[in-house]
Each structure stands twice: as C-alpha cells, then as structure tokens.
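First chain written, first letter: the chains are A, B, C and D, and each begins at residue 1.
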Amino acid sequence: MKMQKKSKMMVIGMIGILLVASVLMAGCTEDDGVNEVTVTGSSTNLPIAQMCAEEFNSEHDNIRVSVSGGGSGYGISAIIEGTADIGMSSRDIRQSERDQIPDLVEYTIGIDGLAIIVSKPVYNAGITGLTTQQVIDIYSGQTNNWNEIGGPDEDIYVVERAETSGTYGSFMDMMGLEETAAHSTQLENSDVRRTVTTSDYAIGYVGMAYTGGDAPAVSLDGVEPTVANVQAGHYSLQRNLYFYLNGEPTGAVKEYVDFVMSSRGQEIVAEVGFIPAH
Amino acid sequence: MFEKFKELLKEEMRCERKELPKGIKMQVESFNLWYGKTQAIKSVNMDLKENKITAIIGPSGCGKSTLIRGLNRMNDTISSVKTEGKVWLDGFNIYDSTTDCVDVRRQVGMVFQKPNPFPFSIADNIYYGCEVNGMKVEKDEVVERCLKQSALWDEVKDRLDENALSLSGGQQQRLCIARALATEPEVILMDEPCSALDPIATAKIEDLIDELKNHYTVVIVTHNMQQAARVSDYTAYMYLGELIEFGDTTQIFENPQENSTEKYITGRFG
Amino acid sequence: MNIRKLISLWIFTVSTVVAILGFWALATRMDVEYWMFFVALTLISASYYLSGIYHHMTEKDMNGVFMLFYASIVLMVAAFSFYLPEILDMRQWEINARIPNFFFYSLSMLFLGIFSSYLSFRPFYNFKKEGAQMGAYYMLYITMIFTLIPLFVILFNIVYRGAGGITWEFLTEDIISMGERGGVYPAILGTLALILVTAVIVLPLGVGTAIYLAEYARKGLAVRVIRTAVNILQGTPSIVHGLFGYAFFVLILFDGQKCLLAGALTLAILTLPIVIRSAEEALNAVPGDLRDASLALGASKWQTIKKVVLPPSLPGILTGTVLGLGRAAGETAPIMFTAVYFSGAGTPSSLLRPIQALPYHLLSLYRLIGYRDVDLQAWATALLLLIIVLGVNVSAIIIREKYRQRF
Amino acid sequence: MISRRAKDKMVHYTFFGIATVSVLIIFFIFIFLFVEAYPAIQRFGSELLSRDWNVARNQFGLLPAIFGSVLVAVGALVVAVPLGLGAAIYLSEIAPNRIRVLLKPFIELLAGIPSIVYGFIGAILLGRFLYDTFGMRGTNSFLAGILVLGVMALPIIVSMSDDSLKAVPKDLKDASLALGATKWQTIRKVTIPAAISGISSAVIMGMGRAIGETMAVMLIIGSVMRIPVPFFDIFESGNTLTALIAVQMGEAHGIIINVLFTAGIMLFTIVAVMSIISDILQKRTTDKFEGKR
C-alpha cells in the first residue's frame, strides 16, 4: 500500500515536471521582439567581432549579436547557405565561392600580420628572427633541429592550423608550400599559441593579436611583425580580415556592421591587437 | 588487513584436543549461532556416529540447514554470523582459532539443496576439488572412482568432456556428490539433496546414500520424513533452533519421547 | 613472538616503503639516484635471504629454489642498471622520447616494492595456499588504490582550483570580454534548458517504445533487430550524433540555424537508447505472475500495465532517464555543431535560437587559456559542470536506492 | 463511451506508433549517414583507406585516423583492464560491506564525469607532465590520449565487471568453498570464469567508449594525419577518427563533409561490430550455463 502511494506521487511529480516544462517552452517560443544577428567564421576575426558584439549588445536592447568561431571556410559557406548573417574570413574569398554568392558584399574590418611564434626558451637562446626560407624548411621537414639554424640542440616541434582554416590557407599560399611535416595540428589561433607555449622548443604561426607574453613573435627576413611594419607594408606575411555578406546589410545587421566600421569599432580592432582598416 | 596481522601476531595457541568415544566421528558441543541478533541455533549437543547416516528433520526455519552448514564452517561465508561452542572432528575442535576452515571443508564434504555443478566439463567438475587442494592424483582415476561410487559412471562415461549442466537434475545432483567424494572427505553433509528432484532420481540418490555409509559418515537434512525413515540410522528432530530429540531412527519414528516430535511426525503440524 | 612472522612483517614493511617511495618519485619526478635503488634492492634481498635461511630449515622443497630465483632477478637488474645511461635517448631507434634514468629507477622501485610485499605473505602463512590468497588480496588492494588515485587527483584538482572562481557574480552574470570577466549565467540556463527540452522529447518516445517492446511485441525477429539497433545506437560515438544532428537538423530542418531545438533533438537521439533499455529492464523486472494474476481477475491489458506493471517499474524508468539526461548534460560533441555559440546568445528565449552551454563554454575557455586570462574561469566552469552532472546522477542514484523494489 | 476492448486496442496502436517512430528514427540515422557519405565513397572509393591525407590536393586517406583510433583504444585497455578488473574483484568479493557501499556509488559517479572535463584536466596537467618526464618533442602524444582514455574507461570497466561478478550465483561459490578451496581459489577458478561474459562485455564497452571518445582525445592527441614510424611510437602525435571529425567539421565545407561522414560510418561500423561480438559472447556463456554446447 505504502509503495503504491509513493509511486502515485512519483507519477504526479513527473506529470508536473512535464507540465512546467511545456509551459516554459510555450512561453519561450513567443517572440520578444529582439533582432538576432549571427556572425560566424574565422577564429582570427573572432576577438574583433566578439568584443564589438559585447559593446554593441550592451548599447542596444533590441538587438542581440551572437558570434561563433568555426573557420573562414565555414563562415563563407554559412553565408552561401544563409545560415548566418555575416561570415568572417581571414583569407580572400575564392572564385568558386564568389560564384555562389551573387550579391557579395565585402567589408575589410582590419589587417592582420601572420606572426611566426616560437617557445620562450628558443627565443631566449637567440632565435629572434628567421628567414622565409628557414620557415619553409622547418615546415616542410627539411630542418629538424634548432641547431641547424643556430639554436639549441633540440628537435623542432612544428605546430600548424587545421587544413580547412583560413589562416592555414594564407600561410601555405604565402610560403608556397603544399604539404607540411607538422607535429601538431590545432584548431584555432589560441590553440596554436597554447601548444607552442607549453612546449619548450616549438614553432607556430598565429594572427598578430595572439602574440606576446610567453609566445614571442620572431622577425621574418629582418622585419618585426609590428603594427607600424604591417601598416607600412614592410611585413610580408599579411592579410586582410573580412566580413562577407550576401546582399547589402539592412536593419540590425547594418547597425552592427556600421558599429564595427565606426571609429569606436576600429579602436576595438586596435585594442585586441590587429591593425585598423582605416 | 591490520586486524588480521594483529591476530596472527598473537602467541601461537596450541590446538585444543579431546578424545572422542570410539565410534563417534563428530561431536557438537553446546553450539550456538546468531544471524546478527537473531539466534538461529540454541546450544545444540549431538554425536554423529562413524559410518552411519544421521538425518536431521524439523519444520521449515528450525535451523536444520544452519546447523549442517555449521558442521563444515560454511556459515563463515556470511559476515553477520557469530558462533559459540565447539564441534569436534576426530578430536579436533573445528571452531578453534588455530583450525583452518579450508582444511575442515576438505575433510567434511557437502552437497547442497539445489544441484550446483560448475559450468565446466563433467571431469573438470570432479577434479576441481583435487586441483584446489593440491592433491597429487591421476585425473582419470579420480573421475572414474568418484563416478562409480556415485553410480553415475555408466551413464556418463562416454561424455566426460561435456558440460556438466547438460545433465538431468538427478544426474547433476549425483555429480555433485561425486564431486564431494573426490577430495576424500571423511564426513559428507547433505542439505536436502533430493528436494529439487523427481521421485525416480530421488530413489537413485537414496540408494547411493545407503551405499556411501560403508565408507563415510553421512549427515542428511531432509523435509521428507519417509526419506528420513528409509535411509537414516539416527534421527535428530529440531524445532526453533533447539535439538528436541535425538536417537535411533526406529525409536524416533515409532516411539518418540517428546510430545512435539510426535506431533511433527504424525503430521499434526509443520 | 614468532620469528617467522616477524621476518614476514619486516619484509612487508620494507617493501611497502620502497613501493611508496618509488611512486612518489614517479609522480613528482624526483631524482632517484642509482644508489637509492641499490639500497632498496639490498635491503629487500637481504631480508629475503634471512627468511630463506630460516625457512630452509623448516620448508624443504620450494623455498630455497624460490629464493635463488628471486635473488638472481635482483642481481640481474642490479647489473643492468650499471649500463643504463643518464638519459636514454630513444631517438636512436626513431622513437620520439628521451627518458631520464630516474624514471626507470623509480618505476623499478615501485614494482619491486609491490612484488616483494606480495611475496612477503608467503612465509607469513608458512607457504600454504592461504599465503597465496593473502598475496592476491594484497594485489587487489593495490589495484583498487591505483584505480582511485587518478580519479581523486582529477576531483581534487577541479575542486581545489575551481572553488575560488565560483562566486555569486560567476553564477549570475553574463559572459564578458570573452570569458575573462563576468560569469556563466547564460550557459547554466542554456544547459538546463537543453536537458529539459531533451527530457520532454525523449521521455514519451523512450518509455512508449519500451512499453511496446516489453508488453506488446511478440518476441521474434523484428524485436531482435530492433534491440540490436538500439544496442548499436547506444554505443555510437557522440560525435557521430553531432555529425548527424548538424547535417540533418541544422542544415535540412532548421535552415542552417543552430538552435536549442536542434541540440535537444540530437541529445534526445543520444539518450533514446539509454531510456529504452533501462525502461525495458525495469518493466521486465516485474514478474509475469503479477500480470497473469491481474489478467485472471478480468483486467484488460492496458489496465494491467497501468495499475500493475507501471507503478513498480516507475523508479527504474526514472533512474534510467535521469542517468541518460546526466550524460546529455555533459556532452559537448553533439551540441557544438547543432546548438551552441560561445557567447552573445544570451539566456535561452526561444526553441529556435542558439544557446550557450557549459560544456562548450569550458571548451572555448580552454582554447583561450594563455591568450586571455581565463584560467580561474575555466576551472570554475569545470567544477560547475561537474557539480551539475554529478548532481543529476546523484539524484538518479537516490531515486534508485529509495524506491528500490524487490520481487 | 468507448468499450474497454476498443480502448485496449487503441492503447495498443498508440504504443505501436510510438515504437515505430523510435525505430524509424534509429534506422533513419543509419540511412542518412550512408546517404551523406555516399558522394565521398563514390568519388574516392578505396582511396579513403589509403594513408595519404592532403586537403589541398584532395587526398582523403583515413588510414592514419583509423590506426590512431585503434592504437589509442587498445592502449587504453592495456591501462584500464588490469587495474579495473582488480578493483572490480576487490569490490565484489573482498571489500567489507561498508567500504563497498561507499566506493561503488563513487565509482559509478566517476563514470558520469563529462569527457570534456577529463580532456581539460588531461590537457592541462598530463601533457606537460609527460613532456617533462619522457623528453618528447611536444606536449601532444598518443601516450597522453591513452592515459586519459584509460582513466576514463576505468570506472566503466570496474562498475560493469563488478556487476557481473556479483551476479554469479552464491551456490556456485559455496560448492567450491565446500570442497576446501580458499576464497581466492574460488574467485580465480569459479567466479571469474562464470562471470567472464560480463567481464568481456565490460571490456568491450570500455573499448567502445575509448574509440568513440571525442573531446578528451581531441585536446591532447595533436590531430596530425600521420602514422608514426615505427608504428608503436606512442610518444608521437597522431589522430583518431573522432578527433578528425571534431577538428575538421567546424571549418569543413564541400566534399570534406562527405569524407567526414565516411569517417563517421567507419566509427559506427567498428562500434557495431564490437557490440555484436559482445552479444555473441554473452549468448555463448548463457548457453554454457543452460547446458547447451
């Protein structure tokens, strides 16, 4: 008898939970008049879009900008398929992709130098600059030990980005490489940075914003990846960061893009470590 | 583990000994047993005669099975059990702190209520006891001897490598008896060995038990009074954990001294 | 005092100390010099030699042989250790490692200690089979301890490093500055919403299927096929569910929009087999005679199920469901392509909007460690996630223990 | 008023409907995966099983990832099975009751720790520890993956083996004890052989979890599509099918998505084969207990 009572109470409890849940759900589906803006794509652009969105969201009650990473290719295919309002890319759009978007609108939101970073012990041991050829040799597996280029007698730990990412594409294009002998493939810029800093004899490449601290950037062919050098065009590994849209922006999307392109937006670009587009 | 250490590090005590009267194989002396706080056996005294069959009868829950499990310390496997008193086997107290319960069990074999052969082959089932006790014997010999002793040899001699569970219930139980014989015990305990069997299988087992008493001392717990009357030489009647009456089977069944025994035997309760 | 037992105890103590030292050295990468290893070796082998002399007089056969064998192993290891270089460069065999010899020494000390203490029980029991039993038990204690060590290390680290980050602000504020400041409020709500919607979808489906399978379906080929399919689905890696959820729910059903509903549907498929199986088990645990009794009294089949079969099996069904949901709450792979954004999604407001969820938030924060100052936040998120998931599981276990029914 | 009989029929059909929906969902997943993978299979065929992976050149050989999945899972078992079995035997046969009631729920709880938490801890604490101890090239390696997956599989193996050891009937153990076997001999010769089907299905479950594990592996394995030379060099980094999907999926578009679905099908097939093996094992032992040969 007692057991039955308990069971009965549990049935009632379960039904109660279900009821509450469905009421909640019903409440949720009502439109609260908030305009959604979805931004997705390159993780290099992510800090810019992210920090801008935070500031933008706090100023606008009726607009909510959601930002997610995923990579340049993902960002571009998202606007091809219409799954996001804005696609971020850290590489130029390919012709095959351009063909699929009739009304492509391109915003250059900033400029990035692709910096080569090495582990602190390597930097301290005197590897503060590399030539393009040395980088190519390291990435193609011809140089295996730091002592071959004047560093400590330790094996080089080569870190790269995932093959589908925009940064990988830009790097391989700029270096003229087709294949690498990397020891670790990382999904995002910050992953590369962490992998390089936690190992003692590693090398990797990241967006300029991700350098500094434990991950010192080396100069390439004698040119430091600094804001001034990139702006002046001295640094060879540089690329534009884009917002791609399918058709001219309107409404909330336009407001957000305008904010990013405004002087305050460009200040944020500089704050997170990139070079403003203007 | 540390308890065990301390225990073992105590001064080695000399095993207590007692000369049993001739013809008596085991003697239970003021034996008490508790499951947690319930007392299941209340100061039982009993003599088990050599090469005789002793039956223990009584209503359900009277402690028959508990008592028989007490005779080879199978009760040790239940953690809440506490015992008091002595059980003498050939002059050694099996409940003595220095006695090894594993050795006791080798000398006092047991057959259970439900046939419980291991899921091995028939031969492996029988050889198992020899193996774990490190007995240096020929496997084929032991298997043949035990199966013959348990009157199973003719039925299974061509399929010794088959799984024991493919045997019928009665065969399984005889296999269990054969298995118990393999370790060369002196006493065999049987806990309602026929309760799960049909009458024909029961008759075979009863014949077998009768056969066994030539070499072993047998104790059998049974629910079936006819069976007790048929096979046993001595009968013990238990009720609520106490041994009410113990004596010659013919005497117990024809002329019970106690009122309660008479009631049970004539079927007025139980 | 018995000398035999004293010797055993002595060997046991020495070996245990050696084993603990070895483990400690391994865990802290303490430099173990070769002389430390030698001292341990000498101590243990001397003790054995002693016990060998003593036992040789009483135990004629196996003892002497066993001592000789043991001593020869010890000597071989000792001789070998002279040839061990300071750092063993495995790269000469194209293996990517350079192993310092302290590793070998501490590992040998660990195993030597465990093995000797294992053997020390044999003289203890005068080389009878109880000695082997005690030794085996001892090895089992050790495996239990070694099983618990990593698990304790994990729990300790999360609690120790994360507890400081769990503040009121952390629980109630939005994610600010890529997780550097603020809290995880939207992610908590997102995870809860995800579980809730998943439950609403999976409960009727799973329990209904289980009732059909257990009560109505004839046991035939079809049921066997279904059961196999459910089994396979239960073992399917969660990333495959994520793949399916992305390609089907997100791309086809929701027009490319990641959203709460897509994530919940994916998680519902993930938990469906768990719910079906546990519900079926609970239903099958109700003995058949109960059903027969009810039917014999003139009840219809549905009445029997409703009044006789379901009530006692409800706790089991609920336990299984809650356990499934606990698993769903901690999953990252199925939701990362279907439902979640790192930030900006806000508190869940609609079934068709993206959300934030704790597991994915932890992944994002992990990615940012080093670049942004999010260490504490990441550990706190891990702790919070652990608390939520374990809380769900604990409630399942409580339901099970409290309403457990025996037939 | 509907008659009771009609109502009964209606309920019957309702449940039939629900069950059909569930079953359709399950089979739909199977079919959908194949449909999505088909373009890649059609275009690349057996090239998908080669060892060359280069996205730029449209080479999609999945062999390195398959190899990595198997290596990591087998390694994880080498770590987890001896420990887990020992612990299970301890818990089910030897542990005093109060320790058992304390440890058993604790271990069950640990089986519920989300994999992302294991991965997070493993990547932060274990990677650098192994790097320092073994002087590897970098912090990512198969070894780290093996250890993390081994620890993750432990609670499953302990808990499931414990259940199956507990399920061995007491009268079997009694029979052995009554023949003068010690408790340890009984465990070794009777209990473990009797529970072997449950134990092996626990091991297979552990292996299934190890193969299917994504987040924990992704963070520490290094994700490079290369089979190490020599192949048993667990100090190198590599890739598994799951990590491949998780890392590439985020940025994938075009044919790569189909390739990743093929990887998903491979995972799926491995797991299906394992669960069928475990079913057969289970069946064989039930037969043994029922006396069929």
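The working rule: a contact is a pair of C-beta atoms (placed from the backbone, for glycine too) under 8 Å apart; a residue touches a chain by one contact, two chains touch by 3 or more.
Keep in mind it's a predicted model, so treat the numbers as computed, not measured.
Visitor: Averaging the CA atoms per chain, pick out the one whose centre lands closest to the mean of every protein CA shown.
Guide: That would be chain C.
Visitor: In angstrom, rounded to a whole number, how far apart do the mean CA points of subunit A and subunit D lie?
Guide: The answer is 33 Å.
Visitor: So what's the Cα centroid distance for subunit A and subunit B, whole Å?
Guide: 78
Visitor: So the centre of each chain is just the mean of its C-alpha atoms; given that, what is the distance between subunit C and subunit D in Å?
Guide: Spacing between the chain centres: roughly 12 Å.
Visitor: Which subunit D residues sit where two or more other chains touch them?
Guide: Counting only residues that touch two or more other chains, subunit D contributes 137, 182, 185, 236, 250.
Visitor: What are the residue numbers in subunit A that touch two or more other chains?
Guide: Within subunit A, the residues that touch at least two other chains are 69, 155, 187, 198.
Visitor: If you look at subunit C, which of its residues touch at least two other chains?
Guide: As it turns out, subunit C has residues touching two or more other chains at 96, 129-130, 137, 141, 369.
Visitor: For this structure, enumerate the chain pairs that meet the touch criterion.
Guide: Result of the pairwise touch check is A-C, A-D, B-C, B-D, C-D.
Visitor: Where on subunit B is subunit C touching in the complex?
Guide: 1, 4-5, 8-9, 12, 100, 102, 132, 134
Visitor: Which residues, counting only subunit D, touch subunit C once they are in their complex?
Guide: 4-5, 7-8, 11-12, 14-16, 18-19, 21-23, 25-27, 29-30, 32-33, 36, 82-87, 89-91, 94-95, 103, 105, 107-110, 112-121, 123-125, 129, 132-137, 141, 151, 154-155, 158, 182-185, 188, 205, 208, 211-215, 219, 228-230, 233, 235-236, 242, 245-246, 249-250, 257, 260-261, 264, 267-268, 271-272, 274-276, 279
Visitor: Under the touch definition given earlier, write down the residues of subunit C that touch subunit A in their complex.
Guide: Where subunit C meets subunit A, its residues are 91, 96, 176-178, 193, 196-197, 199-200, 203, 250-251, 255-258, 311-312, 314-315, 318, 340-346, 348-354, 367-372, 403, 405.
Visitor: In their complex, what parts of subunit D are in touch with subunit A?
Guide: Against subunit A, the touching part of subunit D is residues 54-57, 127-128, 131, 137-140, 222-225, 236-237, 239, 247-248, 250-254, 256.
Visitor: Tell me, which parts of subunit C touch subunit B in their complex?
Guide: 1-2, 5, 9, 124, 129-130, 134, 137-138, 141
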